[in-house]
């Protein structure tokens, strides 16, 4: 009933490669069949990539990654703390849950623009805008996790007077692992997407800036070159960091 | 100094009275067994003593000092090994000492295994070790020796007796096994009725030394529980 | 030297002019340092302006009127005469041929160019464009692509997208300037210009910028000056390059005159009639005050 | 350790009202203190609302709600089915999980533009673009839930030969409730945010289109008027539908 | 027709052999009790018979027809009431009949309660009712009567016997209570050693009628399990 994401060890590591190769084949086939600028094949994207590489691809990607990283770290830590607190404290939940729902549904444009006009067109404003967008999502996910915590284990921890830190580390967080995994994966994707908008609205560099410029020129191959670059990095994070972490975190299951 | 004072006037769930008047006092170091049919309210009473639920009438005064409890289900952290489950409790000894304690319960090889990968009886023994590890002033045991074969159960009874002797902890324990009650307790409390009240409160006819003899236990069992219950 | 910051689209036409200015040192020659902030979208330039991070952007005067109405002392000086155009596929010769066709509109259904084309169709062809055509709205690049694939028969779009379509062989039905003239708004007033907040930007510095811009436009009227810009224009073909250059050169504005102000007011009234409450909500009341070119004054003084 | 979102019955229903009223007070205070067009107070927003109401606020809101509703229904059903399948079927997970990660990180702009150019500037394209953006998020969340399903109960269901439908209804879905709740709340918010972009790029009406027009004018009060309208609807959904549903779904907990 | 054929050559977890050679055959309708110390592999063997785990050496042939199992922990669906937990099983009777069955187990009032809101003993009884409700060809019982007081346990034993008589199901059951084994089983299997093998396979000295008499059970207990185990 449960998936052991990949087979054991080295053999398991081949699956994502195979799976992505299959996707590549499908894409190549579809592109060759359509013969349209609107679905460029791998060749065209590779050319666009090389062209953009000359024009500062790396700098843009690094600028974006820095923003994504900072905003992700900020949103995950604050959002998780908020969500767990609300999930475990009925009084706080009654008072603040409406607020989270509120900020969850504030359009990204509004937060971004307000951050920019209040804090100026700075990196801080950009990262802050993304984090503010993302915090309610993380909080909403982890609140659900905290509300589903085992009462049995909570009572056990209380009886044995476990201090807050130990409670969090040994009792709460392991139960929240699936919620963290969901929040982290969705979070990274969402942060990246909002960073693109943030860059579009007020940064002179970054992948979002480039993608939108490519869009103005309607150069789909160029857009793909940037999008695929980031996706490659996320895939690497997934298979080199998240998947092994999850395997370790699930070792105790029978 | 008293080990535990219970003076309960009533406890109900959603308007349904489960426990009625139940009053008793245990001396420090006294070992009491709580008997009663399934579903009568034994676990509920232990939960009140443990302080998980404060929504009741009456007063319950546990002693100063640490509490320990063996729950009716093991309540181990599934993501920590048996030894870790003991060592991470405040007041419990370190990992190495936890392994030694587990070895005394016949769990030497399973000490570094995760709970879901050992048998339920082994989990229950580990949970008992955890309760014995913290040097408590009061220990609550909710059917601690269930699901164990006679030999292992005897081994665990000895471990339990030894620890209680050393720490001088007060113990309140539930069981359905009358022979086990006689083998362990200084005092036997029986609850019954609806809502449940204390229907019988008897000292054990056996001294602590006498209890170690199975034949004496069997005789006392026949004397005390002859009537078909 | 004082610094003047201006937000531009990285691949937009304003950036070409700014590049020419700095490359030729027209900014320092006029006693200031020009700093361009390249951004990716039109919205981004207004955020930059509102947040106070840049001193000047390029916008249309209807927007300037709206800001004036809110009490912001916005000044407006034309940047270019170029206006949008109605581009079409083969078979659409005049605006009257649009009846029953699907038409792409950039900037939404209350877009100024589209309102003007509607007025012209009512006058010349006797039907209501918005009723008799199937209108699709969307982002400009998307619209150009829709026209090229034939999903729409015509598009009303911005001038540089029109120029690219022209280069791609799409016929132009008419420019919006032409449509204005036919509606009696003559001369067709420039729509976009440099705007700044008089409270925030010193008039002398603004004047220096405008002189530098004029010098840049002068330079760019020579085709040879365009070659260095070519890489940053990201053109797909020589034809596209030429089309953009020619359209830019043709749009070089003269000084703002009383005739311009009158035409602008006429246009404003027309748009108010056509666009109804929706348009009025997006524009303040008309005031000629925004067209006072501080450079003209300082030129008189000097 | 667990929150009973609201007190019992009628008294509980007052909490969100109180909480939102408090937010309103804070907002009014901040607006009065800042005295800036960039943080309009409730009065200014109310005026903007009345103005926009004359100009077809209701039509725009209804158009947007229809898109949000359709895309949400599509994304939740497909995403949940996909996620549960991947979580429960190791073979499918090995093959397809990379793909989900892939599509999770495709920038919204790319999907939206491609949908529009392939399917034309139609409602279908718009709803499809939003759904495609959201499906991987739902799938990623529910996959985590499915991977954390109880083996004990799965074995029990297998032994007693529970048919697939009953298994899903009685065993799987109740365990996934917190993941569904997280996916639904985040999903609604995300769908709404993407609909705004979709409307901006290729629809002639809707809140996204209007917000962008207000944005061009930098009329923050106008933007708030639209954003708050949607948030009010989400709050109503939360307190009239989700909260009671959750209370019912949590009744069995001690 | 055989009720169950087990011919196990070995079962290991992560390279660690838990079960060795274990072969026995139960006739249809035969009731066997499996004894063995805690952690020896009884539940593991039942899991293999239930078909949860196919990673073993040897062959196990369960009879045609339905299987039922009382797990060592109740494994009720916490979000369904006790009666629903029975009624939703394919082949089980409807809600009303489930309530009647629960009433026979002394759970009349708890039938519409959620599992987490009743005592563990009550959950275990409900789980036993579920297994008895489906008219199985083979029923596996992993310490089914643990955590019950003597009176309730006797009541459940009677219910179990009655159902087995009516359905003619084969039963394989584990317990640590030798008296209980004698009170229920036609045959007593004992496993032991590491890896565990079948160390003793004895028919019960008591007929089905004789087993109903506690004194006869006590006598047989003394005769069979005199040696201190």
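All chains are identified by letter, namely A, B, C, D and E, in their written order; residue positions are counted from 1 within each chain.
The rule is short, and it goes like this: a contact is a pair of C-beta atoms (placed from the backbone, for glycine too) under 8 Å apart; a residue touches a chain by one contact, two chains touch by 3 or more.
Quick caveat: nothing in here was measured; it's all calculated off a predicted structure.
> What is the set of chains touching both subunit B and subunit C?
Chains that touch both subunit B and subunit C, as defined above, are A.
> Using Cα averages as centroids, what's the distance between subunit A and subunit C in whole Å?
Between these chains, centre-to-centre, one finds 39 Å.
> Centre to centre, by mean C-alpha position, how many angstrom separate subunit A and subunit B?
48
> Could you say which residues in subunit D touch two or more other chains, in rising order?
38, 113, 117, 212, 215, 253-254
> Spell out, as numbers or ranges, the residues of subunit C touching 2 or more other chains.
43, 50, 139, 142, 145
> Listing for subunit B: what residues touch at least two other chains?
73, 117, in rising order.
> According to the definition already given, which pairs of chains are in contact?
Touching chain pairs, listed by label, are A-B, A-C, A-D, B-E, C-D, D-E.
> Spell out the residues on subunit A that touch subunit B in their complex, using ranges where they run on.
It is residues 152-153, 155-156, 158-163, 166, 170-171, 174, 249, 251-254 of subunit A that touch subunit B.
> Within the complex, which stretch of subunit B touches subunit E?
13, 35-39, 42-43, 72-73, 106, 110, 117-122, 125, 143, 146-153, 176, 178, 228-229
> Any idea which subunit D residues touch subunit A in the complex?
Contact set of subunit D toward subunit A: 1-7, 12, 15-16, 19-20, 22-23, 38-39, 86-90, 93-99, 101-102, 104-110, 113-114, 117-118, 136-137, 140-141, 144-149, 151, 154, 178-179, 181-182, 185-186, 188-190, 192-193, 196, 211-212, 215, 220, 223-224, 227, 230-231, 234-235, 238, 250, 253-254.
> Please output the residues of subunit E touching subunit D within their complex, sorted ascending.
47, 50-52, 66-69, 71, 73, 75, 77-80, 88-91, 114-117, 134
> With touch defined as at the start, can you tell me which subunit C residues reach subunit A in the complex?
So the residues of subunit C touching subunit A come out as 9-11, 37-41, 43-44, 47-48, 50-53, 139-142, 144-145, 234, 236.
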